[in-house]
Structure formats: C-alpha cells, structure tokens
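You will see two complexes here that share subunit A, one where it goes with subunit B and one where it goes with subunit C.
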Partner chain A sequence: MAHQAHAYHMVDPSPWPLTGAIAALLMTSGLAVWFHFHSTTLMILGTILLLLTMFQWWRDVVREGTFQGHHTPPVQKGLRYGMILFITSEVFFFLGFFWAFYHSSLAPTPELGGCWPPTGITTLDPFEVPLLNTAVLLASGVTVTWAHHSIMEGERKQAIQSLALTIALGFYFTFLQAMEYYEAPFTIADGVYGSTFFVATGFHGLHVIIGSMFLAVCLLRQIHFHFTSEHHFGFEAAAWYWHFVDVVWLFLYISIYWWGS
Partner chain B sequence: MYYRLNAVTQRLTGAPATVYNPQGLRPGVPSVRPPPVFVSPTKLASEAGSQVEYLGANRVPDLQKVFQRSDGVPVHLKRGLIDKLLYRTTMGLTVGGALYCLVALYIAAQPRNK
Partner chain C sequence: MSLSPAALAARRVFAAASHSSHEGGARTWKILTIVLAFPGVAVCMANAYMKMQAHSHEQPEFVPYPHLRIRTKRFPWGDGNHSLFHNTHTNALPDGYESSHH
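This part shows the complex of A and B:
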C-alpha cells in the first residue's frame, strides 16, 4: 500500500458537497414554490437532504480524524483556522442586525413618536427573564470550561457530567426564551421595534439551538472515548462556538433589552 | 476477593487496598463476600474506590482497525451495508429532487392565463 510522504490530508472522493449543493437548490426554490403555489413538498425535501448531508459529512470527518488518524498537527491547524473564520463570518452576520437596530433606535422617526422605545410598545423588563437568561448562559460558559479542563485532565465522569450540564443550561435558555416569545406584548409586525427585536433575538436563539446540538454531538463522542486529553478539537470548536453565542447574547441584552427599554 | 483487569497491561490485579466499592457505598461495612468477579474497569486498578465501566467500554481501537483496512473503499462507504443504503437513499433524493425542482421551476415559469 502506498503511504503519503507528507502530513496533510488528501480526502477520499465524497458525494456530500454535491448533495449539499442540491439541498440548497431545493430549499431555496422550495421556498419560492411555497410562497407562490402553497406547496411545501420541495422545501421539505430540501431540508431532509440537508440533514442527511450534514449527518454523513460530519460522520466522515469523525471517521477520518478519530479512526483513520488523518488529523495531524498541520491538519488540525487548518481546522482551527477554518472554525475561527466561520465564527468571524457569523460575527459579521450579527453585526448587520445590530446596525439595523442602532440605525432605527438612535434617530427614531416621527412615525414612531420620535422616541425609543416607540410609542405604544410595552418593552420587556430587562431585570426579569432576560436577566435570568443572562445568568443561565454565563453559567453555561463556566460549565463548558469545566468540561474542557476535565477532558484535558482525563476525568471522564466529570467531563460527561459538566458537558451534560452545559447542554441542559442551553435547553433551559431556549425554553425560557420560547416562553418570553409567547408572552411578549408585541409581535414581529409591530413596526421596526418588533422587526429588530425578533430578527436579532430569533437568529440568536437559532444559534443557541445549533450550539446545543454541536455540544450534544461532543457529549456522545466523549461517552464513546473519541477525545483524548491532548486531542479533542471537535470539543474545542463547539466550546468556541458556545462562547460566541454567549457573547452575542450579552450584546443583545445590553443593546436591545436594557438600553432599548 | 475482588479481581480487576488492568485494560492497559491486560493483567489481573487482585486484592487492592480498598474492597470492591460500587455506587460509592461506605467500605468496611460487614457484608457477604461475593464470589470472584472478573470485570473490565475503564479506570486503572491503581485508582482506588472507582466505579467500573462508566457508560460503556472503549470501542475506538476496534473501529480504528475497521476504518484502516486497506481495501480501497472510500471513507463514506467503509462500514459496509448501512453506509451503502444511506448513500443510495441520499443520492436518490438528490437526483430525484433535482429533477422535481427543474420541473417545478419550469411550471412556475409558465405565464398565468388571466
């Protein structure tokens, strides 16, 4: 068998980029078909294809790293750069929504009553559930750091427990936020206040769910002995993403919930 | 007498400093001595008072053997039948979906009769 004379990873041919691209085509055209012809078939088909692609592609990455040993130090460095660049792109994504919020709230138009919050909007009390949400996410940042140190020190049971606790806190945040959405005295259709509030916090909530799923996969991998005390980049990537989600919430809380109330 | 298998050295070690102590029960309480039990703890025998097998045994070395077989099979099919079934389902949905999408877009592009 021929062995490579370099430390880099020449991947096997894979069908998942194609299936992922087709999934994107189906989801977007499906969205248009739903809007104009009231049929969700194409969009749902696209979503199923997307889920299948994500599962198999990331399953293959785990196989290549953990079972085939392809994730040498230079390869891991590339993965680190990749995750950092991805999180940076997400930062810019949220920056856009913060721009929109400050554009409308720093110079409120006469249509809003010339004030912020606009006339007729009953804002949420920032010192009730939003403050609890802040505490929950900050605590989850502590538990994920505890999990990291447990992995590095080879403490299997503690790593599993602290990681499970982090995920539980993430679900608790999502549950509390869902309750707030249900009980809120304003909707997304209530002018620019409603738009900026629900789009910014809504995308944040979606990222909390994504982060929780990422951490849940790491929990499964930790249970199955995939991580070693020296090599556990999948977990580190999940922890970076989780800290990013936490920081976005802090900005949301300070800007929209507190200053904007 | 409680024997433990050291998974690293593959040796049995007998009579550790503390007696077999499941669930963190207090040692030294007089109890019926169990017959010799051969179990595989995930922690080394040197760690006294630890639980055995927390949430399953380590199967990574076996999986490493499976995935490092030099049979020329790409990684997305390496596990055999289950991989093939999942791949074929995904590819089926991909090709079928793409065709369905093209038909739907063709229909959507038709002018609507008033």
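This part shows the complex of A and C:
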C-alpha cells in the first residue's frame, strides 16, 4: 500500500466546490429574477444548494482532520493562514461600509439639511439598547476566552458551559438587535442615513449569526470529543471570527451610534 | 492612589494570569465572567429598561421631507411601500403615518 512521503494533505476529489459555485450563480441570478419578475424560486433553490454545500464540505473537513489524521502541524499552519486571510478580507469588506458612512456624514449635503444626523431623523439613544449590546458582545468575548482555556486545560464540563454561554449571548444580541430594527423610527429608505445604518449594522448582524452558528458547531464537536487540549483549531478559528465580530461592533457603536447621533 | 477591594482582586488575578503558562487560565476567565461580564450586562439591562420606561410615547411630527422615505424603486414584497421591519407606529409612509397616535 502506498504512503505519502510528506506531511501535507493531498485532498481527494470533491463535488462541493462545483455545487458551491452553482449555488452562488443561482443565488445571484435568483436575486435579479426576484427583483424584476417577482419569483423567488431560483433564489431559494440557490440558498438550499448553498446550505447543503456548506454542510457537506465542512463535514468532510472535520472527517479529514479529526478522524483521518490529515491535519498535521504544517497543514494546520496552512489552515491558520487561511482563516487569518479570510478575516482580513472581511475587515476590508466592512472598511468599505465605514468609508461610505464617513463620506456622507463628515460633509452632509444641503439635501439632508447640511447637518448630521440629517433633518427629520430621530436617532437611537446610544446609551440604551446599543450600550447593552456592547456589554453583551464584550461579555461573550470573556466567555469564549474562558472556553478556550477550558479546552486547553482539559476541563470538559467548563468548556461546554462557557461555549454554551457564549452562544446564548450571541443569540441575545441578535434578539435585541432585531427588536431595535423593528422599533427604530427610521428605515433603510430614509436617505443616506438609513442606507448606511442598516447596511453596515445589517451585515454585522449577519456575521453575528454566522459566528454563532460556527460556535454552535464547535459546541457539538466538543460534546462529541473531537477536540484535544493540544489540537482544536476549529474552535480557535471560531473564536478568532467571534472576536472580529466583536471588534466590528465596537467600531459601529463608536462611529454610527455614538458619534453619528 | 488606593484601589477598591474589587480592583485589587482583579489586579491580583491579572498578575496570576500573566505569570501562569496554562495552569489557572480557565479559572481566571471564569472569575472574570462572573465578576465582570455578567454584572456589566445586568447593569446595562437595568439601565436600558429604566431609560425606556422614561420615554414619552409621542409620535414625532410628520414632515414630508423629500430626502427621507425614498421610493425610487418599490420594495419587492407586499405592496412595495413598506420596509422589511416596518413599524406602523414609528415609521411613517411617504404620505404620512398609517395609524393615528395611540
């Protein structure tokens, strides 16, 4: 039987990159079809295919790493680089929306009343629910660090408790933000204020949901003994992503909620 | 400068965390969760609740500003005139509020 003479992972052929690409095509063209022809079929099909792709691709990564031993130290190093590069790309994604916000708010046009917030906009009080949201995310940063140390020290029960707490705080943030969206006296259609507010906080909220799902998968894996005290990169990646989500919120809070009010 | 007992305890805990390699790290962050994170969230919850109670429930006066309530393209749902998180009480349509002040 042949053995590889190197420590790297030559991945087996997989259909998931293709299904992922097809899903992206169906979702984007489906969005255009929805806007112009009022049918959501293509978009829903694309979304289902995307969810199936993500589930099966990442299930394969878990199988390859946890059960087949392909994630040697150099392979893990590559995964670390990959996650860091991905998060960096997300930083640039949000940078664009902050650019848009500051472009419009630093030199408000006469159409808005020459002021920021624009005339007629009642902003949210930054010291009510937004402050609570800040405390919730900061607290979740503490609990996810508790979870990491628990995993490293082999404290199984504490790891499960702290990880569950982190996810609960993430859900609480999402719930509070959804309530804020419903109660807000302004909408996305309220000029550039509404656009910048809801697009920036909306994409952030989406990332909170994604991060919570990532942590939830880690919780399931921790319960099923996937992680060791020395090797738990999946959790570390989820924790990095979660801290990134927290930092983006801090910038949103300072810029849009506080300075922009 | 004298510190409060809580601040002194926190300083001791941080010193221990920086010196220990892997022992006690989980315990440190568990303590921080209970002593700092949860009370912080609780205080902010109480604060937000009390501030919300102190609000007046007046609907802001409706002025048909042209730079707000933009409808250049209809929303692709419902009657095309309501945003996704539309709230009849707080969000006016381009013509005015739908519901009268409760």
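One rule holds for everything that comes next: the second predicted complex is superposed on the first by the 261 of 261 C-alpha atoms of A that agree within 3 Å, B and C clash if a C-alpha of one lies under 4 Å from a C-alpha of the other, contacts with A are read in each partner's own complex, and residues count from 1 in each chain.
The criterion applied here is as follows: a residue touches a chain if its C-beta (ideal position, glycine included) is under 8 Å from a C-beta of that chain, and two chains touch if they have at least 3 such contacts.
Keep in mind the model is a prediction, meaning the values are calculated, not measured.
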{"item": "Contacts of A:I167 with subunit B and subunit C, given as first, second, both or neither", "value": "neither"}
{"item": "Partner chain(s) touched by A:I256 [first = subunit B, second = subunit C, both, neither]", "value": "neither"}
{"item": "Touched partner set for A:M43, first subunit B, second subunit C, both or neither", "value": "neither"}
{"item": "Which of subunit B and subunit C A:A184 touches, first, second, both or neither", "value": "second"}
{"item": "First, second, both or neither for A:I223, with subunit B first and subunit C second", "value": "first"}
{"item": "Where subunit A meets both subunit C and subunit B, residue numbers", "value": "none"}
{"item": "Subunit A-facing residues of subunit B, complex", "value": "42-43, 51, 54-56, 58-60, 63-64, 66-68, 70, 74-76, 78, 86-87, 89-91, 93-94, 97-98, 100-101, 104-105, 108"}
{"item": "Complex interface listing, subunit A residues touching subunit C", "value": "34-35, 38, 111-113, 118-122, 125, 127-129, 131-132, 134-136, 138-139, 142-143, 145-146, 149-150, 152-153, 155, 158, 162, 165, 169, 181-191, 194"}
{"item": "Subunit A-touching residues of subunit C, taken from the complex the two chains share", "value": "22-23, 25-26, 28-30, 32-33, 36-38, 40-41, 43-45, 47-48, 51-52, 60, 63, 65-71, 76, 83-87, 90-91"}
{"item": "Partner subunit B, residues of subunit A touching it in the complex", "value": "1, 11-16, 18-19, 22-23, 25-26, 29-30, 32-33, 36-37, 42, 45-46, 48-49, 52-53, 56, 60, 63-64, 66-69, 156-157, 160, 223-226"}
